[in-house]
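Paired with chain B in one complex and with chain C in the other, chain A is shared by the two complexes that follow.
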Partner chain A sequence: MGKKRHIRVMVAKPGLDGHDRGARIIARAYRDAGFEVVYSGLHQTPEEIVEAAIQEDVDMIGLSSLAGAHNYLFPRTIELLREKGADDIDVCGGGIIPDEDILKLKEEGIKEIFTPGTSLDDIVSWVKANVKTR
Partner chain B sequence: MSSIFDRKVFDEIEEAQTKWNEELDRIFSSKPERLKRFSTVSDREIKRIYTPKDVGSQDFMNDLGFPGQYPFTRGVQPSMYRGRLWTMRMFAGLGSATDTNRRFHLLVKEGQTGLSTAFDMPTLMGYDTDSPKARGECGKCGVAIDNLKDMEDLFDGLPIDKITTSMTINPPASVIWAMYIAMAEKRGIDRRVIGGTIQNDMLKEFIAQKTFMCPPKPSVRVITDTVEFGTNNVPRWNTISISGYHIREAGSTAVQELAFTIADGIAYTQEAIDRGLDVDDFAPRFSFFFNSHLDFFEEIAKFRAARRMWARIMKERFKAKDPRSWWLRFHTQTAGCSLTAQQPYNNVIRTALQALAAVMGGTQSLHTNSLDEVLAIPTEEAATIALRTQQIIAEESGVANTIDPLGGSYFVESLTNQMEEEAFDIINKIDDMGGMLTAIEKNYPQQEIADSAYHYQRQVDQKEKTVVGVNKYATDEEIPVDMLEIDEELEKLQIEKNNRVKSERDATSVKECLEKVGEACVGTQNVMEPLIEAVKAYATLQEICDVFRAVFGEYRDPGIY
Partner chain C sequence: MDSVAEKVIAGDIRAVARLIRDIDDGMPEVRETLKELYPSTGHAYVLGITGAPGVGKSTLVDQMVNHMRKNNKTVGVLAVDPTSPFSGGAILGDRVRMQRHSMDEGVFIRSMATRGHFGGLTQSTRSAIDVLDAMGKDYIIVETVGVGQDEVDVVKSAHTTVIVVIPGMGDDIQAIKAGILETGDIFIINKADREGADKTMSDLRLMIDMDKKKYEGGKWKPPILKAQAVFDKGVTEILEEIERHRQYLLKTSGDLQFRRKKNRVQEELIDMLKKRLIEEVLENLTETGQFDQAVDSIVQGKIDPYSACDDLVLPAIEFLTGESGKG
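== the complex of A and B ==
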């Protein structure tokens, strides 16, 4: 007892987009970094993701979107977390997200957005520096 | 037959090469080679030089021969690009059917010779725009099709009796194809006249692209229905486009792309034979779809190996007698995953090199990615540059002047042989598991691809592989590109349109048609005729796919990583 537990992260694929190469690589990188990882699998609604995140007691949700529906799916996830009183779970995102959307999404409560070309080490370091175990 | 080189020549080469290598070792002992290890993008190690020794066992007539002759290593048609250039087929789809129709007209006007349709995510997954699962997705990565009216608008004014149409659609491929046939017939064009392709390759969806609806077994059953129907009724249609493209995009190596794609082709062929079809009746309508990735020579070797492997499999394993059954005809798309959001204009160069490899590999048709495709659906300007890239290769570069220009290159022939051998090893492993369906159920290809993808990403992160503008030659300067945006209002308009169509149709007839689709699914009757009747009654895509889901069940992603 007393030992600080590992960061628990959910990597999630909201919506119908099937591009999961990035999400699965990130999940592996988190695992290799010593995090506890839950991967949602594809085609999850924001409702399903939030419910699973609460059930799994994660510290952070990483949402991945590459087919353009992020402007609905990301804010909807934040909204549901608030409704369930679970907005202490950090949410960040990754994928094909245009710059002007990044600003809007951050205003909506997404902590960080990682776009293509970001190294795995940078993402892992960001999580270690910014996500606290609950 | 005997080898091209005799023993004495070999010995001389061997001696000279040993000396040359010693000389090089001396040079590199003071100033080492540029890299510790030279390897392809798939991490295949490449030697300093290739000589006749590397292709010594190759038999010209049995392994290469002439274009249009077994085993087709040098091309499927005897004339190749001396007769007719490849089809320049740019993938397009955005927003509403009317929006995409406008893009099609533009591409045809600019000299494109075939159409290729991209659908939005709800259509690809068999949902209507008003489904709760479709929220925020309408028209984002392709055109939204809810019912036959959308299909009519999509091809309005286009000469579909003269031009061929490719449709990139998988789980609901049978339904979308039924809509295309119905649309043609409403315009008075016979189903025996229309030509084109449906992707209709579910195995690679479970392996890589991940748009799925029903489990693997019933998915393959419906595909076999389309093969049977096409063989008997739509003879100019390519019923399956057996696709390696998505396998590669998901992160596989070149050899994995080759092996898994051909193993999928074996599975479809076996299913159709088991259905009672004669291999020579359906196999000529199978086509293939490959990726053209960054590593120039490896890609060319891959295309050449693919042709030879398929010919050997069809002739020796499936005993096909018609040479057209031995042909591996393929479409190529340049590698979307190789494009970078950083310094996006560099993507024009990447795409040009990849397109060049596809042409030197003997592709039948080609899509070149637009420089902005890493950010959004291409603008008209970007799509035109991509098309011009093909036209420059075709009409300025001179590479289409002779057939299989790299045939006989020690390096390319050696790579071709190696890749064929390695791919056959993987196919044997899949055969030992009991075939591709079982391999998929065991997550074998999925796991192999995930491993390769992770390996490559680590190499990029550690700068063992260079990505120009990302991990080398990066700048902080923002390079603006114009970007196409899909109006969020479209979703509302599309839902209204679908509701209007639904309110105007005969509800009783729709219900009866859907019941007939259900009966065909439950039994063994081919689903295609009931589907054509249902779409003609304006049953929506989702109404029909819901019948599939109810009868066959839904497939869930196993979520492995």
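== the complex of A and C ==
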């Protein structure tokens, strides 16, 4: 209570990818770190994710993608946030993302990409260090 | 520049979302905004949906929203999920069942965590109801798991309280009877295709009939309905009963401004005072380190807790009365 901001994050599954075990484990790790985590559910469009993130007033969106469509879905999310004047919401990504795509995605505005093998502690520490409650 | 309140009344989604965040985080500046919004509240019809985890509350809310939208009514949803008492974090998953409404401008969905300490939930949920009300939503649905005094209080801020159970919850019904069940205006047996729906129906009916004195003289007697929310079965009937209850409230009290009736105002003002006093006094004690000092002294056996409490509270009272004396 009182003047203390809780970090709020949204864990989202964009596109047709139906594998959300990773996303749920991340959600759980965030919860254990004391964050409030809004989980989107499967098969969300970037439009739906951005609208939900705005309504929920989250500080960060974590996009999980294991099906290869990240090069469209991730930048599209950034683009929509800009259109809505909500680009103060940070976007991170995780999942099966080839190394050669990571640099490009970061150029498009994705703050960080977490690939398989990254420890949960590292991810949580990164969020704590880099995501500011606005 | 428009004030936050003006933006909220104009339906600015970001302003609404941010304001609810500030309310939740206990930012003192929201008080001015809420004051400004208050005259614009009192128009929405507030529904409380409660029941044990897994009975299908979110799915039911999703279907209800769908029906309401077909009737061109706008809807605000506040979905409350528990905060972990260990980490302070929460997983807010109610949206998963309601995602089809996220692109609909007539629907605003917000997940809230119970946050725990000092009964803040009741106060912040009521304030969030006020915000969505001022924003112009026709219906506001508050969904909670319905355990604990806080959540009972939240549900009491609703015009109509809907309690959702599932077949086979016979003994569990007894367990929740003393608390939230007494506040139910409509009972739903969801997942009614499951075995034991009729038994649950008769259990509930028996329980309601035991209170039959309460319903004498045309007083509202809670109906019990079967539903299968996931297939949209029985949802129309639920909305009809809600409308019937609304008509009943209108007939018996003349208007729907029950939160501005004396006993409700008393109750809500007490809650608000409690929260404010805790904020002003306890926070001050925590910040100055006096609270921790007192804890240490008690632990070390230097002082008893009763005297420590006196030492902490009396200066605060002096401070408060001194302040008002100056004015």
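Here is the rule we use: the second predicted complex is superposed on the first by the 132 of 134 C-alpha atoms of A that agree within 3 Å, B and C clash if a C-alpha of one lies under 4 Å from a C-alpha of the other, contacts with A are read in each partner's own complex, and residues count from 1 in each chain.
Everything that follows uses one rule, which is that a residue touches a chain if its C-beta (ideal position, glycine included) is under 8 Å from a C-beta of that chain, and two chains touch if they have at least 3 such contacts.
Computed from a predicted structure; not experimentally measured.
In the overlay built on the shared chain, the residue A:71 is in contact with chain B alone; chain C does not reach it. Once chain A of one complex is fitted onto chain A of the other, the partner contacts of A:8 are limited to chain C, with no touch recorded for chain B.
In the superposition on chain A, A:96 contacts chain B only, with no contact to chain C. In the superposition on chain A, the residues of chain A contacting both chain B and chain C are 27-28, 37, 39-41.
Interface residues of chain A, counted against chain B in their complex, comprise 11, 15-21, 23-25, 27-29, 37, 39-43, 45, 67-69, 71-73, 76, 96, 98, 115-117, 119-121.
Residues 121-122, 124-125, 127, 132-137, 140-141, 205, 209-211, 249-251, 337, 340-342, 374-376, 450, 453-454, 457-458, 460-461, 467, 470-471, 483, 486, 488, 556-561 of chain B are the ones touching chain A in the complex.
Against chain A, in their complex, chain C makes its touches with residues 13-14, 17-18, 20-21, 24-28, 83-84, 86-93, 95-97, 99, 102-103, 108-111, 113, 115, 117-118, 120, 278-279, 283.
On the chain A side of its complex with chain C, the touching residues are 1-6, 8, 27-28, 30-41, 44, 47-48, 51-52, 54-57, 84-86.
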